[in-house]
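A single structure is presented below for examination.
In this document, chain identifiers A, B, C and D correspond to the written order of the chains, with residue numbering beginning at 1 in each.
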């Protein structure tokens, strides 16, 4: 079984050797290893993919040893993931179709190794797309008055379906601290600008007004500060004076789809680590 | 002789036909025409390149007719440029070499159709490069105390050498309103970020801190608000978590050179028009 | 009504003035004009969008005058298109889902102003997607033995449904001269390489073998020579030594979708003209 | 002292652990490690940067141990490089200025950690640039008649100045097998197309004729087959129907400069390994 190990800890000499030695001693063969040192912060990051000899393999035992012999000594934050079950991803949407269509098409094409237990929206407009792809759809209206109630309903659904992470596919609603704290670095948003430029509402309008020659999109983990969470992926496309705001929106849709789906794929593949409100993205 | 005509005026029906008819009547052959309508502002922009039959050609007469028969009726702002003399470009620098080397290399390779009467700097560090390329170099120190004096000296030089436009090739000093008003939309700056993100000082540091996955550069006309003038050209390059601030700076240098030189070329070719703090960039 | 006029003819002095004068005389207001001169071939191209005063507007009459007063004098090839009816687009597919999903999602999102009377395939694999989007699906098996029969069936369907143009969304079959001649510059193919590199079968395998650092996709009009028709649109993405052929294929899918959909949009908007096996793409 | 170790060998389990263990045992601290497995070829590649405790450090002894304990067991090809001396780079040019100006400007800006003992050309046209930057310039005419003689002269110069690698900065002459064999994977060429498209002479003309929408440049190691060596770096830029061949050439120059300088930097930093006519490029 392919096992992915993610580690971060204070940097110190010999750490790669120690980790690889530990894995080797436990009959693991390293098939991939990438590491990064954040020099200013003096933090070491590592992602390794290991194949174990089946006879020796007892994941729980390995985890216990890992914590005891390695993690406690080096003050490591770590997680271990096996590929025998797909994570469960909930999609939150409002009224925009393009990101939802894109995610579901990729899902049905076998491009995303997840389960999608449900789609949730504050509107009913996109229910037909959920139906078209045979995914359960929950309509949870959301407004100033019902905010607390609505969030309770959201949390209940997330719990009931045992959701691992949430994708805001142009959800257009601010997510509360309660939800964020339940899913730390597990809510992925797509913002339609190259952040930090044009955070907040109507970025295409702001970009048009400023007369930029490039527009962008950013997928990031959601934190309590709006559009200020750790950036996973960004991409841009050129525009000219001849493009209207409507043209920006149309060109931007293609960016949003790609930048969001790349972010989601990196998350699914356990290639992202977060530190100091920034991401390490392994190759 | 190739004659370039730039026009902007309130948009109205029939204007292309009227202008092209006027040119044709005056024995001009249109070899290029591009036009743009800023719909929200209801402004018409046009750039056309005309070749006149030599026998009939009297530029001053043409200009008089143009103003009388066309411009006054349509409330046009316009300018006419011939290619028989190169504009005079002054370069302002501080201590960074890369943009200066790039501009001078392009100049000596015949890529920029300008004269460069002088290079001006608030430091003496790059004098050897000016020498190397045989361009006069003036050292005009600039600080809080001598600001007014220094600017007088700058203005005297700009006047003496009959400068048409100024390129701030990483000049690192704020240019005063006096200078800007003497050279409206004629001072080109390179800023080392994709504006409006990271305006002001140390954009690479700010980009690093924010954890962006893309860095950029922007060439723009200088206005009194810092880094907020009309954008001529922007470009970006990807970065990852593994890049240090120093890496950002090195990667950024290549962007700065290209984005600045493209902006300068567009300006020289009379392909830029400014309106509402935005540019129209003709092809 | 918005009317788009496309013209190409031998280049000569005064032609823009003549065309715009003719339109103006016939109570048309030019809202867009772009022109191009292919200097080596001495050919003039023009695309203009015109709004006519409704009282005066008689399209057939305008066309007659256009031919008589303009086209015959200047030896013009021309076409006139109004936006009152959408073109009819047939999609041909084999077994790959991504381009089909992408086109249909864009169609249902209102991004493509076409009708899609049917999807045709030599396999039955993607019928469920056609069903999912409620588009008729025809299975026309295609092999060495039945080639002539199959093509007859294809042609009958194209005629019956009055198809204007065909999109080969990874159709994977060579289209015969008969079909091409019935739809000259009206069959759009997506090839999964930056042509002319890696024409023919298995371009990702060839790119991997060659060790390129960039892969691409190309949408083009189909001509009898394989993968050699006029290029409409191209785009690329970076790859590294660490990408496997499978990675190339996955990264390439996103390119293919975007490059094909851009080509289709340009065709629908009448922004493409073909000459000497090359395209002029208006802005 | 920073020591870079490059390894490739048949892939097998435990190899990372063995190498890192060996380094650690010899008082080395791994500050960077990247590895790659070419699965189809079953070859393991590794680049690691090590800092040794000064008291223990004896490079020759380390090398001897490395060969004995590690390399012979694992059948490794390997090389070890310290950063205490800069490699010696010769530049070969013909008549084009842009790449030469670019390399020398970068060199004088401190961007390239090399020595440049000389510039060699088959013409005298660029001697003034060598003079301007104070680099020795040798004029070695090259034609059908004097080919053998000329090459002898080249080889004598390369030997006399103890050259480590050669950069063909638009040299425009075919390099013979003799030279290539003396400098295997040590001659870097810039070709002005995205190879394998448009190999050979006049790629911009060929690209224009084909009507591509993208042009590119490729830096690669020179092998006996023309423009078919291992690719180090590629980049592209967009073009349209409105660009002439001359425009392609001008836009292409910026690509060539950047793609060549990136290739040279990667080579200097020992970030390239060659296998099966492909490169592994470490980050």
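The criterion applied here is as follows: a contact is a pair of C-beta atoms (placed from the backbone, for glycine too) under 8 Å apart; a residue touches a chain by one contact, two chains touch by 3 or more.
Small disclaimer: the values here were computed from a predicted structure and weren't measured.
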Centroid comparison with chain C (C-alpha atoms), farthest chain: D
Work out which of A-D, C-D or A-C repeats the contact pattern of A-B, with more than half of the residue-numbered contact pairs in common. C-D
I want to compare two interfaces, B-C and C-D. Which one has more contacting C-beta pairs? C-D
How many angstrom lie between the CA centroids of chain B and chain C, rounded to a whole number? 38
Round to the nearest whole Å and give the separation of the Cα centres of chain C and chain D. 42
Within chain B, the set of residues that touch 2 or more other chains is 240, 242, 283
The chain D residues in contact with chain C across the complex are 36, 38-39, 194-198, 210-214, 216, 230-236, 240-242, 244, 276-281
Chain A-facing residues of chain D, complex: 13-14, 16-17, 20-21, 23-24, 29-35, 37, 283
Contact footprint of chain C on chain A as seen in their complex: 97-98, 101-102, 105, 108-109, 111, 132-133, 240, 242, 250, 253-254, 258, 261, 283
